[in-house]
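Only one structure is covered here, and it is reproduced in the block below.
Going by the order they are written in, the chains are A, B, C and D; count residues from 1 in each one.
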Amino acid sequence: MVVIMQPGVGESEISGVVEAIQSYGMDAHISRGKERTIIGIIGDERKVDFDSIASLTGVERAMPILKPYKYVARDVTTRDKIIEVGGVKIGQELVFVAGPCSVEEEDTTLRIAEEVKLAGAQFFRAGAYKPRTSPWSFQGLREKGLAILSKVREKTGLPIITEVIDAADINVVGEATDIYQVGMRNMRNYTLLAELGKTGKPVLLKRGDSAKIEEWLAAADYIYRNGNENIILCERGIRTFEDYTRNTLDLNAVAAARNESSLPVFVDPSHGTGRGELVRPMSLAAVAAGASGLLLEVHFDPQKAWSDGKQTVTPAVLKKIITDCRRVAGVA
Amino acid sequence: MVVIMQPGVGESEISGVVEAIQSYGMDAHISRGKERTIIGIIGDERKVDFDSIASLTGVERAMPILKPYKYVARDVTTRDKIIEVGGVKIGQELVFVAGPCSVEEEDTTLRIAEEVKLAGAQFFRAGAYKPRTSPWSFQGLREKGLAILSKVREKTGLPIITEVIDAADINVVGEATDIYQVGMRNMRNYTLLAELGKTGKPVLLKRGDSAKIEEWLAAADYIYRNGNENIILCERGIRTFEDYTRNTLDLNAVAAARNESSLPVFVDPSHGTGRGELVRPMSLAAVAAGASGLLLEVHFDPQKAWSDGKQTVTPAVLKKIITDCRRVAGVA
Amino acid sequence: MVVIMQPGVGESEISGVVEAIQSYGMDAHISRGKERTIIGIIGDERKVDFDSIASLTGVERAMPILKPYKYVARDVTTRDKIIEVGGVKIGQELVFVAGPCSVEEEDTTLRIAEEVKLAGAQFFRAGAYKPRTSPWSFQGLREKGLAILSKVREKTGLPIITEVIDAADINVVGEATDIYQVGMRNMRNYTLLAELGKTGKPVLLKRGDSAKIEEWLAAADYIYRNGNENIILCERGIRTFEDYTRNTLDLNAVAAARNESSLPVFVDPSHGTGRGELVRPMSLAAVAAGASGLLLEVHFDPQKAWSDGKQTVTPAVLKKIITDCRRVAGVA
Amino acid sequence: MVVIMQPGVGESEISGVVEAIQSYGMDAHISRGKERTIIGIIGDERKVDFDSIASLTGVERAMPILKPYKYVARDVTTRDKIIEVGGVKIGQELVFVAGPCSVEEEDTTLRIAEEVKLAGAQFFRAGAYKPRTSPWSFQGLREKGLAILSKVREKTGLPIITEVIDAADINVVGEATDIYQVGMRNMRNYTLLAELGKTGKPVLLKRGDSAKIEEWLAAADYIYRNGNENIILCERGIRTFEDYTRNTLDLNAVAAARNESSLPVFVDPSHGTGRGELVRPMSLAAVAAGASGLLLEVHFDPQKAWSDGKQTVTPAVLKKIITDCRRVAGVA
């Protein structure tokens, strides 16, 4: 941490800061400039309460130097993390996860799964638990949906990615899924993250729609430090003033997360745009920016999808996206 | 819902939309203009899947008319909701909730409680469970903190407001608190909201930092429809590009929530500004905008607070804020 | 500026930074911690190119200490700036500026002016030049509008505030106005600001809808350093994800600007909310937060206003706002 | 426009809205549902003042159907606009514009130009007029810079793109430049846009950092309707809460602008990221999303660039970017 003192402070304010730093068992380094005095902390500042230091008399600003995460940082684990699920090496080969927004009736869901498999998808996705803004909207088939997902896996052989929305559901969801999905609403549900950390099963962690990149990586650290290194990051758009698209897909964050951490980064262009016609160009752009995989909402009849029809594409479009993305990946 | 068709669509697209609407058991009303055809839905559109309609062939836009919430809407319950806790009529009299960010050691916590009571606060607040961005930061005293809160209530008679961060903790937290606080990170944790809806105990629902006003009210509806009408809304700032302040306190939302719903609205100017020197002016502004109560971080020695010291004020400042706010309330 | 070096950099990187700093004629101060080396600049860092330093080899981050403005800073001019126009002491007494969004036909405009004067407004406002998002919208009466404003001043004695949108129009607008308004779209039109700085006539500078508080004050510095100290800041809402209101009125910025600068700060709750029913509560809140004046859109028949009718209030509402705001100002 | 009436309004409110619509010479179409009455406008709603209608008694919401722009809309001009400058067909072939942020001393500037030409850039860019947040920062070499740009064109044959910041400078800048750049701060400087519309010379229009996609296209319409069809759109990042990157590069907007208009869309990944190490991946992503060209800050010694060194890449990196982008363009 760097503590910048106000202009003209006296020795008593300076020693107040030094003592506060020492009370955490750390050392301070004083640097007296003509205009300001600057105090640095020597040691791991993460133990120090940032706000308390910032509130000391005579302090103008206190700025952290260390990042709020440690384990998932690129400088700790330099090699790209590879996670193998059902024979697919996530983080090494380009991965396509496809399926409808919600689990639908068994025959529909199965038909979609077969068609996305044929189109080249390696994973099947569909939500059994659907967190929805309004309590008046469809909330998912829940347990019944999980049973359908298990059938899909059995019949198609596709491994499953589905969302878990509460720590109490981890076991029951775990029986149906190969990878837990944490949705953007739960990125800061630290109880859920910590409990998922204890399972060892891979977790796909979506970025919150108001989360900074650093906060997203810190959320991953909640999983990692509880013992689970199998984490996939997933960018799905942030909330901004732009309302032409459902969210603003932040591909800067993909390139940045690849630099800052060793984890694979997926992109969800369906939620990231909210518009079917933008899914293909943004899929290509995601791969060009460094994404290791894509989450795509696919349905053989998007207009009859139970939710998110507007951003859903057909298996035929999926096939074209997969072909083109593989070519782009060859360049990127 | 209003469905706006693309220019020049034919009868088949129009009847496609009409049939889709009818499949939900609703009626459609077609309005043919010179440039566009517009189709309205007759009935409660909340049953209709918005996205599916929007994805139909020939549809340019589909816009909801109804709000995503129902029970907490002002037009359903026209009279201001009054919630009585420990003799205080929330929603009727001006309420001040004060205390440190985190529960601290017992003697410190007790001393703060006594001082804020003396200054005029009617409720004591302090976090036992602290959701923190980084797993490396202090996470609260947890159960030990709850025990201290119970002592504070016993010794000072002040009712308690403290945060619950997971549905599994509702019972244990409920023994120590008079009002459950749902923090901004959990505003979209619908499992938690639904379970709190079953308790009957008042809930203070903080607005998420990326939540629209409508979404905040819809979150309140999750609590209400599970049987609990005792909901207090709390504005605590949204996340914007401005970084001089910790958040952007959105007082528009206070005036708006008062118009749109019958629930009392509190404001947290400590998190809403992140700067102690802005707490007093923004407290006055909050009351002027229509707030029914304030949540304030107070410590006899802000510089030694375990967290959020920078935005914490002293009991003396609290006293002045209470006096001045009561005068402003007389005007507003 | 504080330059934070990457962990483990060698002496050559450190001396590279030191030399770069010295090349601007400044001194560097090296502070070697266990984990990082930190280099401070001694002198006025505003002469140093921030980006070049940040791009030097081995640099992790470079953070400015000084603010991007100088003259308008509270520590330079500690006393509140008072600007006297037409006998009104702006910055000392509470000021109400009222009128329609656009200059309308002469008789309508005059009638509004007479009514707002009667209600207690000390200034008349109306736009002759209307910057509009779409070239297909009404762009204002322009020169004809200025002539009407001159008549209003002549007949009612009210001083005028109207917008200037281009440096080439400064003279012609100056003949009709007592205070130049710079709209939010032009806050970063530095040519306009610099030219207004040469006039000496007061300037009301609206904050840009994506401008940080510091950038707003730096824009004021463009006017000041060209010789014009008569600057009024005006908060009018920033652009965020919230779309219930037209903008998010940022009253934090009012309290902050009062602390950071000596200039009077006005608030425009009409644009800041975009909703007539929110204008009164947010006017009170603005004054409670420390505003020295308000800009209000007023029309005797808001439904017939040529623009912005939705956020316009009547003279009767204006009168009530003025009375209540004066009472709140007594507390704040 | 679609006008949604409040529930339970009577005939007088409905006829009030109808009369208001008719007063603009348009027709209204009434659609009475069970819960609401909806009124549509028949004709070109752009003549109607939206706000006035929205403020009529009994109106709950009024929503525009038509877009705020007309000429640049894809449905008006279906074929991609091709703009030929110096033998390069913008909108048809992939275009690379490169150079330093600011015009520097003549020999440095010339050397950069020669190196970017060698690397494959077809245009040279450098700012002579530099709009800067702080009046204390370097403001560009201005006229001297224009003279250097003319030399660069003469010696290298590269056509020039440079920024014009005020309508009064159009002629002098026009002598040195082949394409006018309008910076993000001036996207809403409608006087400047209108005057550029009268020149016929191509204009590169950067998106404002708080501009919605529709507003950006409406700004282009200001140029078009004044007679100049040679417009290049340029996405350069929007302002959000994320501060890891300088801006949030919104590639959704590139794909969207390609769908909604017929104009070529460029991307500036240098400003869009603010970080040299992200420039290459985001260049590829931009092309994958549909960009017709890139604006890149390039310097043979980024650490000595006069401004924006942190986001500047070397000619060698430029060359690699050009090669890889051409391959991605083959797929996209």
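Methods note: a residue touches a chain if its C-beta (ideal position, glycine included) is under 8 Å from a C-beta of that chain, and two chains touch if they have at least 3 such contacts.
Just so you know, these numbers come straight off a predicted model, no measurement behind them.
Engineer: Return the chains shared as contacts by chain A and chain D, ordered by label.
Structural biologist: Both chain A and chain D are touched by B, C, going by the contact rule given at the top.
Engineer: Go through A-C and C-D and name the pair with more C-beta contacts between its chains.
Structural biologist: By the number of C-beta pairs in contact, the winner is C-D.
Engineer: Where the CA atoms of chain A average out and where those of chain C average out, how many Å apart are those spots?
Structural biologist: 38
Engineer: Can you give the whole-Å distance between the Cα centres of chain C and chain D?
Structural biologist: 25
Engineer: Residues of chain D touching 2+ other chains?
Structural biologist: As it turns out, chain D has residues touching two or more other chains at 210, 239-241, 243.
Engineer: If you look only at chain C, which of its residues touch chain B in the complex?
Structural biologist: 210, 212-214, 238, 240-245, 248-256, 258-259, 272-273, 275, 277-278, 281-282, 284-290, 324, 327-328, 331-332
Engineer: Give the list of chain A residues in touch with chain C in this complex.
Structural biologist: Residues 2, 4, 7, 27, 29, 31-36, 38, 40-44, 61, 63, 65-66, 75, 239-241, 243 of chain A touch chain C in their complex.
Engineer: Within their complex, state which residues of chain D touch chain C.
Structural biologist: By the definition above, chain D touches chain C via 20, 46-47, 49, 51-57, 68-70, 131-138, 165-168, 185-186, 188-192, 208-210, 215, 218, 221-222, 225, 239, 276, 302-312.
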